[in-house]
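Chain IDs A, B, C and D follow the sequence of writing; residue 1 opens each chain.
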Amino acid sequence: MALTKEQIAQRIAKEVKDGYYVNLGIGIPTLVANFVREDIEVEFQSENGILGMGPFPYDGEEDPDLINAGKQTITALPGASFFDSALSFSMIRGQHVDLTILGAMEVAQNGDIANWKIPGKMVKGMGGAMDLVASAENIIVAMMHTNRAGESKLLKQCSLPLTGVNCVKKIVTNLAVLKIENNKFVLLERAPGVSVEEIMEATDGDLVVYGDIPEMQL
Amino acid sequence: MINKTVTNVREACEGIKDGMTFMLGGFGLSGIPENCIAELVRRGVRGVTCISNNAGVDDFGLGLLLQKKQIKKMISSYVGENAEFERQMLSGELEVELIPQGTLAQRCQAAQSGIPAFFTPAGYGTEVGEGKESREFNGKMHLMEYAFKADFGFVKAWKGDTAGNLIFKGTARNFNPNMAGAATITVAEVEELVPAGELDPNHIHIPGIFVQRIFKGERYEKRIEQRTVRTRK
Amino acid sequence: MINKTVTNVREACEGIKDGMTFMLGGFGLSGIPENCIAELVRRGVRGVTCISNNAGVDDFGLGLLLQKKQIKKMISSYVGENAEFERQMLSGELEVELIPQGTLAQRCQAAQSGIPAFFTPAGYGTEVGEGKESREFNGKMHLMEYAFKADFGFVKAWKGDTAGNLIFKGTARNFNPNMAGAATITVAEVEELVPAGELDPNHIHIPGIFVQRIFKGERYEKRIEQRTVRTRK
Amino acid sequence: MALTKEQIAQRIAKEVKDGYYVNLGIGIPTLVANFVREDIEVEFQSENGILGMGPFPYDGEEDPDLINAGKQTITALPGASFFDSALSFSMIRGQHVDLTILGAMEVAQNGDIANWKIPGKMVKGMGGAMDLVASAENIIVAMMHTNRAGESKLLKQCSLPLTGVNCVKKIVTNLAVLKIENNKFVLLERAPGVSVEEIMEATDGDLVVYGDIPEMQL
């Protein structure tokens, strides 16, 4: 069974380690916060200017001066801090953020990523994504394995305008966990009940399968 | 102290002309200079270039200027959530330059700081890097980016004093401190304006030297773009 | 919140080795990391390079390290008021690189911010510009300057919390916020250490992400270099 | 009669206009603050991180956390602000400071200034002087016309290592007020009782004297 978006987030949450500063992109990545183990200390950074982001506020406690990068109302945890955009990107560009989790339209087997523009169709802008992928040492892409037309999003080469080059290290999709190594996708884990053959079929780029591939533990 | 107060938003916007370049603080609809935007609409200034992280929504923020077709060019990092914007952009009526958010912040800070250019890895190898000088540092490729130039900067703070000192609240801070002093004239609108000396000098986020004109905004809607709540258990 | 506290200055300085490069906050004797400097003397670490605006006085601040000949090289903007320093420099025992104060601050901030290089007009046409790349922007010549690299940064704040958030007081702030996060490991010593959540998140000058280790300094002399007073009328 | 150092400061104070942000160097420039008209609003910036610097504290009220660039204890006026060194030099490099007054060992007729080093003898460092002279539009040099050996400090060309090039616009000495124009010193005012001839004699660089030169008003 392919994973739901919540389950993708749940699997990614296991990559979040004690003491990490984490930047979560919009969409599936935002859900990761819900699944992080409660016995570890993690701080979420939002590039619009908060470190120590907490859960959504209770109804009636929303503050227009307190939002995340997705423009959603949020709360600040005890020990949080607010700062300006330049200092926020000092954290990102200066590699002080330990883990970046973001969505993608396409990922190529050399680590290129595209997620900000479909020429002639959709141009929302890159927001902070280009800074994040150009700077982060540790990037996990959270996405569906195929697009709505059923086409693979794991490609030999990106067809859409790039967000960054040679930057993605790990990908968690509804079908699999993969890493990028030597210009190839390497299969690490299968979604429960999903076969290696199904994953190979859904992957357009070169896929390497070493031995038995375990099922994901959620 | 040097007094930076002006009577109202009209006086604050004296000297604004068609074709100028403006910088506007805010992220989404949070921390935007609502009163200055309303005045720009009222004045009907046209053909302007706006440097702002976002473009508002259809009926609020910079969306109000877009509706009146007052904007010639937008320089932003993210412009989703605005149908009229998309229409003008795709039809070619509106010129749009999209740049990485960190680069946008740094180009403002560079202008504020008299740093004419700097290097950043953001955007290398992408459309953003096309036509730009690139260079390797520490084994990694970087783009050279320039300080912005703008005629007017409009920033919004929570509290300010008559000397122009500013204090921001929460994530409404965002680009506002980086844009103060980055344009020829910086106009600050604040929710609360106090006499110089009432703010703790250790708490000032932006000293008055970066602000030319300050006034108390008449009203703030402070619209929330994505109201998101959790349910009480 | 991630807990950055260490028990004491000894634990805070774990991993320090001969030949390393240190950044130290402070202007004159104001806002210097007194406890860390004392520990560097105690450890007898040798052959180190210090990036610090000043070099202390003969018997306080970095002067204490100079007396023990622990410093191989100083990178500073102003080193007057220190006879032993002058002796070591003129005799060639001590290597000294003098750079403009604004360039020093910006090279720290660049390191903190992942900006590998930037342009500044300071020092163009002087000794400081010799051997450096120069370029014209807006009709004016500028030098290209690089981000610093350092192994340890020692900063001193007034208050801090267990999450590493820092608040400074008065002009003791100076280079400290710009050096936090500019070295591989940043050690912060504070006069008062409180649990995370006690400081107003709007008042934090430097968020804890830029600090790896924080501790409460055992004692602060806070010596005044030039006591200057006016007489009461 | 040649001016005292206090009188040099007094004459320079007349150049300080209402609404100016002013950076004062160490030495004679520091004294200027004492002579600024009380009916105008001026803010003094000190590059170690204060805007709105006040007078020295009363005895017993000194604060080690509150000093100026000369490391002297100071006070902060109501409306003052504190900031870090990077932002301080944003004010200076970004040309937000309206007037810079500093001392010099030598000034050349092309506007070059030397004030930070005597090779083999004295090396204190440039502090913020190189940033100030490279950035400021409006620089006034406050100095004695000649050095202790009686040699002119207004030269055709500086002999000491430079602090900045082509940057000085105005000079106030114990003998005269001069501006720099077309690669020459232009005499504007004489110290009370000092003759044009005395000034010419004390000036090594090319000196232009147009018509009658008025005496300074202090």
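Note that in this section a residue touches a chain if its C-beta (ideal position, glycine included) is under 8 Å from a C-beta of that chain, and two chains touch if they have at least 3 such contacts.
These figures come from a predicted structure and were not determined experimentally.
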Rounded Å distance between chain A and chain C, as computed from the means of their C-alpha atoms: 36
Chain centre separation in whole Å, for chain D relative to chain C (CA means): 28
Distance from the mean Cα position of chain C to that of chain B, given in whole angstrom: 32
Two or more partner chains touched - positions in chain C: 106, 109, 113-115, 120-121, 168-170, 201-202
Per-residue overlap in chain A, given as positions that touch at least 2 other chains: 50, 76, 82-83, 86, 89, 92-93, 135
Chain-level touch network, classified as line, ring, star, complete or other: other
Touch relationships between chains, expressed as pairs: A-B, A-C, B-C, B-D, C-D
Footprint of chain A on chain C - complex, ascending: 1-3, 109, 111-115, 161-163, 165, 181, 196-197, 201-202, 204, 207-210
Chain D partner contacts - residues on chain C that touch it in the complex: 27-31, 53, 76-81, 86, 89-90, 96, 98-106, 108-109, 120-128, 158, 168-178, 205, 222-232
Of chain D, residues touching chain B in the complex: 19, 21, 41-43, 45, 50-52, 76-83, 86-87, 89-97, 135
Touching residues on chain B, where the partner in the complex is chain C: 106, 110, 113-121, 137-138, 142, 146, 167-170, 201-203
Chain A residues touching chain B - in the complex, by the definition given at the top: 46-50, 55-74, 76, 82-86, 88-89, 92-93, 112, 116-117, 120, 123-131, 134-135, 161-166
